[in-house]
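Chain naming follows the written order as A, B, C and D, and within any one chain the residues start at number 1.
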C-alpha cells in the first residue's frame, strides 16, 4: 500500500509545514527486473483528494486503487496457518420436524475434524427484531435454506462429501408458500403464533368519505416478485478461537458492531471476548446485514483449535441468505376532475418468508412511503407481513420502496390517462412541496420532488419527445 | 471437484484407445465450459478425464476443394476471428457470437457444443441449414454423416462412449449461401436460447430454391422444419408466403414449458423467428 | 501433478491434484488472490484471466490444461513504474465500487484493448457481457475503458 | 415491429431506521503534522462510504480528503455504528463525525487562540490552517497548532461524539408520528423499445435526477445512481427467484437473470440543488433510493409504447407479449 510506505517515511522527520506535505515522501524503489509482483510504490494522489474544501470534490477512493491492482483482500482471500473449511447441510424440506440428526458417519471420515448441530449452540436464535431464526435448525426446519448441521474438514471437498454422510430424519409437515394463503393461518409456520407476525396501519382523514366524494375512483392490484441481492462476493467468514477463550471473526458482514451483539448472544459470551473484523464487503445491498455462519464457525474453531473458514457457494447465497419481500398491493385512489388525489386506500401483504429478519423496517418504510410523494388528505394504509415456508425475506436496497413505487406510479399514469392529462402534470399537481404534511403528518423539509420532476423532464426532453 | 486422473493424449487414436480402456469411467474434455460445471456438481466418481482439446486432428479451419472443414476443437472465439468463416459462413459466426460471453467463447468449442447435444445448442441451427456433415472417430476409424443423424435425443448423440467428434464439414454448395441466424433469450448478454434458429435459401429467377430452416430449443434435439421448407421451394418470396412457412414451422416444433418460458410463448417465438430469418435470407439473396 | 505456468512473466509451478482449476491453483497454490471465485460455473467473470492472449474463466479451466501456457492475472497489469492506463482511469473515474468484479473486469478490458485499441461503446458492452457487476450499472466502467483506450492510443501515437 | 415509449416515476425515501434508534459514534484524532485519523465502526461495502466520511472529517477540520486516514470495521478498535444499512451512513455517521471533529477542532482553537491573540470563537479551520475569522492572513498551520497543543500544552486534539436521528414514535392505531428525520426525492424517466411480436423490452435510456442534499462526493453519488438503476432494470424486466414446492429452481447466475453490460441502457444523471440543514454540510443520503423509481418508470414506458399495463413484476417478454395479444383480442372483439 502506497500510503503505508509514505506514512512510515513521514514519521521519520517532523513535518509541520504545508510544503513538506506536498513533497514526495519516498524515492521510487528500484526493483529487480524479474520481480514477480510488481506495482508502483509511489503514485501521486489525485488533485481532488488534495483539495480544500474537501466537500464537493470528486475525490477518488483509496480503496479504488487497490481494487484495480487486485490488492484488496476480501474475506475469502484471507488464509491462516492450519485453516480448515466448513460447510453447512441444508434442509431437504420446506417444512418438517427434525426427528434425529446423525453425524457419526461424517465425523468418522478422514479429514473431517468436527461437526456441529443446533443443539450445541448456546442460544440458538437470532434476528434484528424478533429472534425467531435458528443459527442451525434443531427442531423444525421452516424453509429449504435452513441449515441443520455443519462440518469442518481439512478441505472444502471433504467437507462437502461429509455433508452427504449426515443422516437427518424428518417428519414432513404441511407447508404454505403463498402469502394470501398464509394470511388464513390454516398452516402455521411458527405455531402457536399467527403467520401475521407484524402489521402496520396509517390513517389520516376519512378515506371512505373522500372516495365517495371523488369524481373518479381507480383500483388495481399490483404484485412484485422475490429478488436476490446478488453481491458478486458471496458471504464469507473465518473464525479463530484463541487460547484466552477469545474469538476473532473476519466477516463480510456490513454491520459489525451490532453483528458482534448477535454473535455474543448466540454464543452466550461477553462482547469483550469477541472481535469482529471486516475488510471491504464485496457488495451488500442489504443482504449482508445479518449474521449467518459466524456463530457456527466460532464453535467449530473452538472444537478444533483451528481457524475455520466458510464461503457461501452461489447456491447458498440464493437459498440461505435473505432476499427481497414480494408485495401484493391493492391500491384504490379517488381523484377529482382536476386531477387532485382526494383519497388513497392501500392494502399491502408482504411475503415474509420463514423468519422475520428485517421485515419490521420493510413494513414500516413500505407503509409510510406507499401513498407516494403526494399531498393526500385522506389515507388508509394497512399492511401485513406473513410467514411462509420460503426463503427468508429481509433487508434489501429500498426496504419495500421499489415495490410500492411501482404501484403508486403505475396508478398515477392510469389516472393521467383517464383524465387526459400529461403524466408530468398529474404529478406536479399533487407532489409534496416544502412544508407538506407526510402520511404520518410529519412536516417535511428540504423537499425536492417537484424540482426533480421538472429537471428530469427538461433533461429528457419530456414534452418534445414523440413516438 | 472430486478427484480424477487427467490425460492429454497427442492423437485421436490414443484418445479413443484411452476412452475405450476406461469405458464409462472416462469422459473426454473439450473446452470444459459444460463438463467442468457438471463435474463440480456430479455425485458419481469419474476415473479419467481425457483432454482432447489440443489434438491436432481436431483443430484448425481449412477451406478445401470440397468445402469448409472446422475442427471439432475450434473455439467459438476462433470461429469469430476466422476470415474464412466471416466470408463464407457469416451466420455460423453470428451464432458463435451469441454463445455465452468472450471468456466462455474462448474456451468453448463448436464440437463440444454439438456433443453436449442440448436442444438449445447455438451452433446447431446454422449448421443444419448449411447441410453440414460431421466426422466421428472410433476404434474402427472415421465415419462421416449428415449432422441431422448426429443428434439422437435430448443430450444424446450417435457417439459411442469411446468415439470422438473430429470435425464439422460444410459442403461447398452451402458456402456463401444466403442465410440468417436469430436467437431469443431472457436477456441480451450470456443468453441461453428460449428459441434459436436459422434460415438459408437461394433465389433463382426470383424463386426460392434449396430452402432450409433449422430450429433449436423447440424439440428434444435441434431440428429442421421440412414441411415449411417444402412449402417455400420454387415460390416467390412474398411476405404472405414467409408467414405461411412460419405457421407451418410452428406445427413442426414440440416445445416444452419450463421455468424460462411456456410452450405457447416458444411457439410464438418460432413463428416470429422463422419469418425473420427467412425474410433476412431473402434480403441477402436479393442483394446478390 | 506438477503444473508449470508462466504467470505475469514469471515461471511458477506447483504440485496440484488433477482436478484443480486454474483459479484454485492461482489463489491457493501461488498466492495470487486477485482473481476471485464468484459463482464457480463461469457466469460471473470474477475469475477472468488471460491465457495465451485469450481471456478465459479460470474457474472452468483445469490447471493441467493451462500447463506451459502464458497467464496474465490482475497482479500483472501494473509495473514498478506506473499503473496500467486502465487501472488509472478506473481509479480516477470511480469505476469500481465494491471492487469484487474489478480484477475480472479489468482483465476483460485489457483483453479488449489489446485487440481493439479504441472500441466503441457497443463493442465495450459486448466485451464485458461475461463480467457481471451489481454496483455500477457498468456506466463508469465503460467510460473508464474508453478513456484508457484513448490515453493508450495517444501515448502510442 | 419496434414501438417506442417514455415513462416517468418519482419517489421519496427516508434516511435511517423507522423510528428505532440507529446511532453512530466516531472518533477523530488530529495528528501533529496536521493530518487526521478517523475511527468509525461502519464497514465499506463498496459505495465509497469511507471516502465520503473522510471528506466530511476533512471538511470540518479544514484539511483535504487525502489528509484523513479512515480506520474502520474492527470491533476492537472502532466505535459503535449501526452499520451500512438504510442509506444512513453519510447522514448519521457523517453527523457523528462532524461532531467528533468539532470537539477535536475546538482543542486546536483553544491552543491557537493565545498564539494568535484572539478568542477561540474567533477562529476557523480552513486550507490546513487555523485562521482568524474575517482576517485570514493571521493564521498558523494546523500541524503546528496540533503539535503545540499536544507537545507543549499537553492536550492532544482528539474528539469523540455520536449522533442518532431524532424521531417521534408512530401511534399504533393511526401510524401518525415522525418516523424519520429527513427524506430524499427523485425522478427517473425511461425510454424503451418494445418488440410487439416477441414482447422483448429494451431500455434505451434512463434519465435520473436525484436529491441527496449536498453531494459530498458527486462522483460517488453518480455511481450509486447508476448502480441502483441496474438493480431497478433487473427488478423491472428479468429478475425473479422461482420456486417449485418451496424449492428454488433457479438459484444460480445462469438462470437468475440479472442485467449484463449488454442489457443496461445509457444513463444520464443529474443532481437537484438542495441543502438539508440537519445533515452534515447539507447532505442526506443516496444509497437505496437510486433503485426505487426505475422499475416504475420502465413499466410506465412500456405502457406508453404498447398500451398494456403490466401489474406484476417482472415484465418478462412473455408477459408483455401475452398482454399485447390479449389487448389485440379485445380490440378484435370490440370491432
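Operating definition for what follows: contacts are C-beta pairs under 8 Å (C-beta built on N, C-alpha and C of every residue); 3 or more make two chains touch, one makes a residue touch a chain.
Just so it is clear, the model here is predicted, and its values are computed rather than measured.
Engineer: Looking at B-D and A-D, which one has the bigger number of contacting C-beta pairs?
Structural biologist: Looking at contacts between chains, A-D has the larger number.
Engineer: Would you identify the chain whose Cα-based centre sits farthest away from the centre of chain A?
Structural biologist: Chain B.
Engineer: Report, in whole Å, the distance between the mean C-alpha point of chain B and the mean C-alpha point of chain D.
Structural biologist: Roughly 48 Å, centre to centre.
Engineer: Distance between chain A and chain D based on Cα centroids, please, to the nearest Å.
Structural biologist: Result: the chain centres lie 15 Å from each other.
Engineer: If you average the CA atoms of chain A and of chain B, how many Å lie between those two points?
Structural biologist: Between these chains, centre-to-centre, one finds 42 Å.
Engineer: Chain B to chain C: how many Å between their CA centres?
Structural biologist: Those two chain centres are 29 Å apart.
Engineer: Going by the touch rule set out above, which residues of chain A reach two or more other chains?
Structural biologist: Only 58, 60-61, 63-64, 230, 280-285, 314 qualify.
Engineer: For chain C, jot down the residues that touch at least 2 other chains.
Structural biologist: 39-41, 43-44, 94, 97-100, 125-126, 129-135
Engineer: Could you pull out the residues of chain D that touch at least 2 other chains?
Structural biologist: 45-46, 48, 219-220, 228, 231, 252-254, 258, 260-262
Engineer: Spell out the residues on chain C that touch chain B in their complex, using ranges where they run on.
Structural biologist: Residue list for chain C touching chain B: 1, 17-19, 21, 40-43, 45, 48, 54-57, 59-62, 64-65, 108, 111-112, 125-127, 129-131.
Engineer: Would you pull the chain B residues touching chain D in the complex into a rising list?
Structural biologist: So the residues of chain B in touch with chain D come to 101, 184, 186-190, 192, 259-262, 265, 268-269, 272.
Engineer: Within the complex, which stretch of chain C touches chain A?
Structural biologist: 7-10, 12, 27-28, 32-41, 43-44, 46, 73-75, 77-83, 86-87, 90-92, 94-103, 106, 132-135
Engineer: Provide the residue numbers of chain B that touch chain C in the complex, in ascending order.
Structural biologist: Chain B residues touching chain C: 1-6, 8, 29, 31-33, 36-37, 39-40, 49, 51, 53, 77, 100-104, 106-107, 188-190.
Engineer: Which part of chain C faces chain D closely enough to touch in the complex?
Structural biologist: 39, 41, 43-44, 93-94, 97-100, 124-126, 128-142
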